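As written, the chain order gives the labels A, B, C and D, with residue 1 at the start of each chain.
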């Protein structure tokens, strides 16, 4: 019987579902990375499901296990790429997956130049950060300059970096799909509250099932592959002219809302896929 | 004639040497990433040499160019992996390249646990950061706890993460080698000043030529390959019992001191290697 | 009947006690400073009890009310002085109140110089910060240099500043006294847990009643006056040779532990003292 | 002959002028606070001119000297009050000196409430910070909310605090006056560059002499007194209806531009005023 670690910093409903699902197929240890150190290149698990909320904790945990040949879901590379919107966009673009038109801007002047090429309004994002934090919309060069200048006062070099992006009037909704081991499990649609243009559940968005068509299935499966993701969620916008655009990939996906809306248990599917993988 | 970009945020001697060397073989543009935005997936160069001092600027620039199929030195993946000591160690360990014994510790308790397994003194490092900043030595659990607690007050989640590492009494010296396109160009030895245990040139270390033996050549070429580096410098310690240990890989290498000590011009070698690469 | 505001950012047991006690003598409004803006120079209260946990929120709230002639407990000047250990020490020293021997050190070199004059071990503190955070002990110059260098990486200029202080082996206990309107209400003694040299309740210290002698009464009443405090708590160490030394003054005092140990209700005493003050 | 310290972290033209001027009347030591620790309550100067650029270094140096009875210019209280725009406004308002209409806002909701009472556009400022950094203008609630949300990501609690202020269309000019020992030395006018609404010299404003009328003289002398300043510069706006409004007081004043424009040497006047003070 294989042994697996579920690595956490905080235990949410998702981690309890994973513990139950994996426990039906293998010996499982819950490892809290805040109190346990990981020796690089030394560890005795067959697989590790990486669940820390902090992206760096997740990536460093995955990397430490990988150095010892453990099969990690996801790999450190996937966590680092998906967790960084700019790296994710570049991998998606390289794989010819449609994304919103986006620029990398290192500083205030570059941000203004990007916006002058895009036209206003523009969205300004940091490459890292969750739940809509550090995402703004600038309607004029004056507003963009102020937001960009303020951002340069932030202490982390990664959050001073900016993605300047076209503003998509997608009816304030987006679609979230979950892919496990190359198969699309299903999709939900998140609809923002009145007056809020960001469709984050943390900002009050509500959730309903969304039936994917073959185009969406193709895009999401290819998006997961573009970031080498074994178990990822993918956020998609619908654009009237261009169709589906991938906006974000998540390498440590939350799936509580997905499970409630669809009845599909991603933890169970993941457990089966890991078992299958370990057989090879 | 191919066209190349040299991307900078600050122009140092190294970038002037690169401009001169590349200019003999191709059309070269110096691009300042602070004022120029890069559209993801759109850009018209054949190659790009990535030189921003800030790791994230370097990685994001490389990624933006890669999305458009430009050959970048180094790739964003190399810059992100080499620029992060923890990710670098895990890639090196996975490739069976000897490294100092190292743990990933997410928080104070994990740091203490790692040190109790290693024995004191231990070295405490942040995964990112240059020139010896955020590198400390702890001689006792009390000292380690204080350093680790202080680190949790830092604002960036990446610098709160810790590498806990054995302390190597390497005579306060280390060897730096430069590898271009799979070939070792040469090595220098940096000797720390009296009373300073860290061998950073920024902390006053001096530099002399070091003739590599076949073992060192093998290790450094494999280390460059482990991080998929086209043009990297590699820092190596000598241990009395275990021989060479790779301590660090740099994906945006400085080479002024190397050039002065050895007379070998890495910019010239790099220009030739890029030209060769573009022929394929 | 006078009207008073209790200004909060978080409501703790202390604020509920204040609401009850003040409510017996005046009309009271609980004002949450996170949602209500204060116009400078304009506001209609007779008195304001300032309770935000954040020192700056407390000081700015007090200052905004003072500009309109409101009687504030404490004044912004008291909150800023008491909330900053370095400013507090200098006011106490100017008033000839005994304090631990202490230096202000702006940077690493100054810290080392201070310690060479004091002798090791030394305590290193930031001027601001609560509950023992950013308080360290350095046993050697090497340890001090590392702690001081690390501190220079902190993002706020105030927490990069250092107090270098003699280490007092006070049996890991200290005395906390509460003074209201020039009168000492009583004292408690906090005894640190085994193995922990800092006597913070947040770090597990326990609490017992301590009967003040006339010397302690004199020192604490004068310490409150030195920072112009109307309602303050004062932390005192006992030194075998020098007797009482004032270590800290708190301008937004917690008093839950004091009330439990002594049965004396500082909220009630404060309400009476404010009513008395408003009569003048 | 008295002895004086000039305390610096960086030596600018101003400090050289002070060294020359004070040297004609007393023995002067230039003290670099980065390498010299100051023992609280112990130091052998008659006077200290406090010049560190960092506000906290300035305030802590002043406080350390004051504890030993040294006459400091300025006092720590003046430096802390003047260096903090919010504390300065409240002291000015309490002294009935006209200021721009201003609110203290601790968080996003409070900022929006303040602006709804003021009307748009509003100016958003941090209490601390120099040269126009962290000063923004918001034209709509959407823009204000974004700027206020972004500010909550800043690492220092003081810069997360906000002053919400009426926007004054003062023709993008302001008047800077210098007061020494209760006497107005003179004023200059700073005119912002085209297209820039902030009149900071660091942002390219130019400078001309401005002859003060009795109203301006009265306001500036009273403003200096309101913050207990011995040597301060005072920034004044002109409003069509309300006349002069004091916008800022500086407790470690730069005076290079003032000297160039007016020919009046504040260093000389200060030296004479300190000598006079020491006679008492």
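The working rule: contacts are C-beta pairs under 8 Å (C-beta built on N, C-alpha and C of every residue); 3 or more make two chains touch, one makes a residue touch a chain.
Treat the numbers as computed from the prediction; the structure is a model and nothing was measured.
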Turn needed to bring chain B onto chain D - CA fit, degrees, nearest 5: 180
Gap in Å, rounded to a whole number, between the CA centres of chain C and chain A: 44
Cα-centroid distance, chain B relative to chain C, in whole angstrom: 46
Touching two or more other chains - residue numbers and ranges from chain A: 155
Each pair of chains that touches, named by its two labels: A-B, A-D, B-C, C-D
In the complex, chain B residues that touch chain A: 9, 33-41, 52, 54-57, 59-61, 63-64, 66-69, 76-77, 80, 86-87, 89-91, 93-94, 99, 101-107, 109-111, 113-114, 117, 127, 155-158, 161, 164
Complex contacts: residues of chain D adjacent to chain A: 133-134, 136-137, 139, 142-143, 146-147, 149-151, 153-155, 159
